[in-house]
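Next, two complexes with chain A in common: one pairs it with chain B, the other with chain C.
And now, the complex of A and B:
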């Protein structure tokens, strides 16, 4: 029983947290690709930016002496999402839109987004320094422990309050996104433009508006994902830059331009990573008893050492590109 | 006053002009058919009207207003619709969603128009929940036309609506075009099946090298020995 509890704590819960973060980041990447046809390399830094926005708001709230039952990072999230969405619109207006108007190729936009990456990282270091911060200076992270002794477990299933809220927020966002894309006029116009931009224009769809909505959604979701990452780990200027690869892998595995694919891809990559670095000996220990005398499982039976976690996303990405380049769902990249 | 009038339109894709003075006039009751050799500028003419390339000379009057270089999101609400020759459906979206996209610029209730489109193409009503990419070529062409009709256009422009269709579907599409026209929608279309299309055209235009060569009613052009010899394959 303890083995199962260990697995739930280390794989199921961690994988779901990471999957939520990847999924929300990958949705933004995939939407931007679908509408604007370029790989938005600075997406990780947009997530970091969103996390810092949330951090500043949370700090301001605490400084004003406002105490809430929920972690401050979540309470300020709606406002932080709006601010990050506006910043994303600003990035587009300032850097990408002028290039598009001059008919720049996708690779030019990609390079511009690398520039934006450097700029955002530089600015965050300039303003906040390069140290690590936490949302939990003044409040503590509540941990729920679900007692499993009734099932013969000696340890509890433990999950932190931010993690529980993260699951709820992610689920709400996925449902809202689905309803937006399938029910609303603008959401359908967005799918139409990702499907066939020339025909969308011919249909009289306001493509400039669709582009703006794309940045608003991508920015808002990046803020949520970045804040979640910061709440789960810590806040630093290169917070999300380090997960750009798994996020792009998730978007590509799911089929570029395909929002649901990005969500599936995000969880897929996250669970693959989590399971690859998981020490399976902890779960398989009971079979030690079945092994012949003198034989035992090695102390560490992880497929990949933790420090090489990033290679997992890379390997999945390469396999996808070789076997099914359009992704799980047929993407817009064809 | 004609519904649309092109006066000496000059335009192209940035390099040398492709259109070197095109003249055309279409009434709401007209079916206008543009024919001509490959590369004559037929598609370019429709794109020029629809603001998809730069018009550098001449005027395009629609309902008395010069619309040259207006963009589609302004033209569609004014009553212009365009069915491109290729890639003219949203393949990943259902038939019904395709139709909805045609009504994007409308703020009123478009259900009656959708019912009208379905009555025109009953097979689409059956397939309304199916992705348009799964339909046959002929049915896709119906979706494309249906999408363009959803904005309740005064003028419907079609680029080779019969291209790649089997003879049975060619006849069906042409019959539908005539029916749409009878309901008060002016038609301006480009066709490779020139003889067949000119037969029901009230205005025919032979275009070559970006200029009008012959203009007349469809039957007149078919009867003209010179047109027949040079442009209709004898």
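And now, the complex of A and C:
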């Protein structure tokens, strides 16, 4: 039983946390690719930006003496999402829209997004310094311990409060996104434009509006993902830059331009990463009793060493690109 | 620049424009030399020369062939690690231990795994097809991986505990640079084989992923590269300042002299590479590459082997990157895998090529020097601005700005971002645009 609990703590929970973050980021990347047809590299830094917006708001709230039962980072999330969405719109207006109007190729936009990455990263470090911050300076991170003695386990399943809220928020967002894309007029317009931009335009869809909505959704989701990552680990300026590649991997594995694919891809990559570095001996130890004498399992049975955790995502990415470049679900292509 | 004989005048004439821009750059170099001292100016120049070599490599790939390569950082690391292996002094502890034997066994295991995979790939000959063959190939990969791991893990642990790391072969650093180019070419062949079939943005993401894989490998293969413990001091091909001091020159003089010698060597390599690259651009080979870049469908219908040629470009470009990375590592005398960052070592080179003018070698060299100087001097400049601002805020009673040094270092990244955005918006073809000569 203890082995199962260990598995749940180490793989199931941390995989779901990482998967939620990847999925939310990948949805933004994939939407932007579907509508605007370019790989938006600055997405990771939009996440960092959103996390810092939430951090500033949370700090302001604590400074004003408002105390809430939930962690401050979650309470300010809606406002932070709005601010990040506005910032995302501003980024588009300032840097991408002029290039699009000139009829620049997607490649140019990709390079421009790297410029934006550098600017955002430089600015956040300029303002906040390059140190690590945490949302939990003033309040403590509650840890729930679910006692498993009824099932014969000696150790509890432990999960932190931000993680629980994170699961709920992700589930809510996924459902809301699904309803938006399938039920609302605007959502349908978005899917139509992702499918065939020219056809969407001639059938009277306001493409400028769709582009704006895309940025709003992508910005808001990036803010949620960034804040969650900061709540779960810590807040630092190169926070999201390190995970923008796994996020792209998730979006590509799911099929670029495919919102549901991005969610699936996010969880797939996250679980692949956690399971690849998981020490399987911890779970398979009971088998030792069945094995003949002198054939015990080695002490460490992880598929890859922990240092290579991020590499797993890239290997999956490269294999996907080789074997099925359009992703699991058929993705958009330019 | 040979094609500058157009009728346009003034700023529009590429020759004049180039000359004026190079003169401006020379002026900037002189100003930096006067304000920062000759030794630091030489330091900047040597590194800028190495970066110019790397940027030429990217220009072959992106400017000539329109290939996206975001794996530059990976090639720089490969070049650095290769030159460590060849030119670092021999580590007798390793050669006298069981290490070489164990590594030999690991190599055999690797070969065994390779044979296994290759055999599995031929399994259609014994009648296995479709899903069965795929399963067999995957199983073979997995088995090969396990066999290799079973040998390399103990070998790595043994070497790290007894001898630290493999050490070098103690050969001349210039040989190490050549070796860096060679290893880069070898790796570029496989990367190109894997990923060149992909479309631009997929290719960008794939190469960035591959460069991260390379970084993770080099950073964590402590037995080979010493990983995060860094390797230093690397030998120089030219006399070191310390050697010059022993020969009787004063300390500041020795630094200047040593760097001048190194600069001369680096410039010779750059000029050699430049001549080759420029000649290739003008010749039929370059024309074919431009044809493939501008319309690969038409080129392939003319009978050109598009993927084969692109692989060629990718390898040639990567060789220059590997050599440049090796020169950088030798010059700084330290190989530190954690010092490699995508911003400094991939994106900055892209900015150099795009700002300078993709496709134009003169432009790329100009861009490299210009951007590298901007990158270096934006730190002291920002510090100056911050210090002044800080005294203003201090006098206003808001207190001084904290952590000025670490913050102004970040200004570089911001400036780089601003430069590329402005360049894309207002000069998308670069400072000295590509000149396509048309006859008749």
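The rule is simple: the second predicted complex is superposed on the first by the 333 of 334 C-alpha atoms of A that agree within 3 Å, B and C clash if a C-alpha of one lies under 4 Å from a C-alpha of the other, contacts with A are read in each partner's own complex, and residues count from 1 in each chain.
Keep this in mind: a contact is a pair of C-beta atoms (placed from the backbone, for glycine too) under 8 Å apart; a residue touches a chain by one contact, two chains touch by 3 or more.
None of the values given here were measured: they were computed from a predicted structure.
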Touched partner set for A:78, first chain B, second chain C, both or neither: neither
Touching partner for A:130 - first (chain B), second (chain C), both, neither: second
Partner chain(s) touched by A:325 [first = chain B, second = chain C, both, neither]: second
Chain B versus chain C as contact partner of A:121, first or second or both or neither: second
Touched partner set for A:203, first chain B, second chain C, both or neither: first
Of chain C and chain B, partner touching more chain A residues: C
Residue ranges of chain A in contact with chain C within the complex: 33, 38-39, 95, 98-99, 104, 106-108, 110-112, 114-123, 125-126, 129-130, 245, 248-249, 252, 305, 307-308, 310-311, 313-315, 317-318, 321-322, 325, 333-334
Residues of chain C defined as touching chain A within the complex: 68, 194-195, 198-202, 204-206, 208-210, 212-213, 216-217, 219-220, 343, 347, 350, 354, 402-403, 406-407, 410-418, 420-421, 424-425, 428
Chain A-touching residues of chain B, taken from the complex the two chains share: 50, 52, 71-73, 75-77, 82, 84, 87-93, 97, 100-102, 104-105, 147, 151
Chain B-facing residues of chain A, complex: 185, 188-189, 191-192, 195-196, 198-207, 330
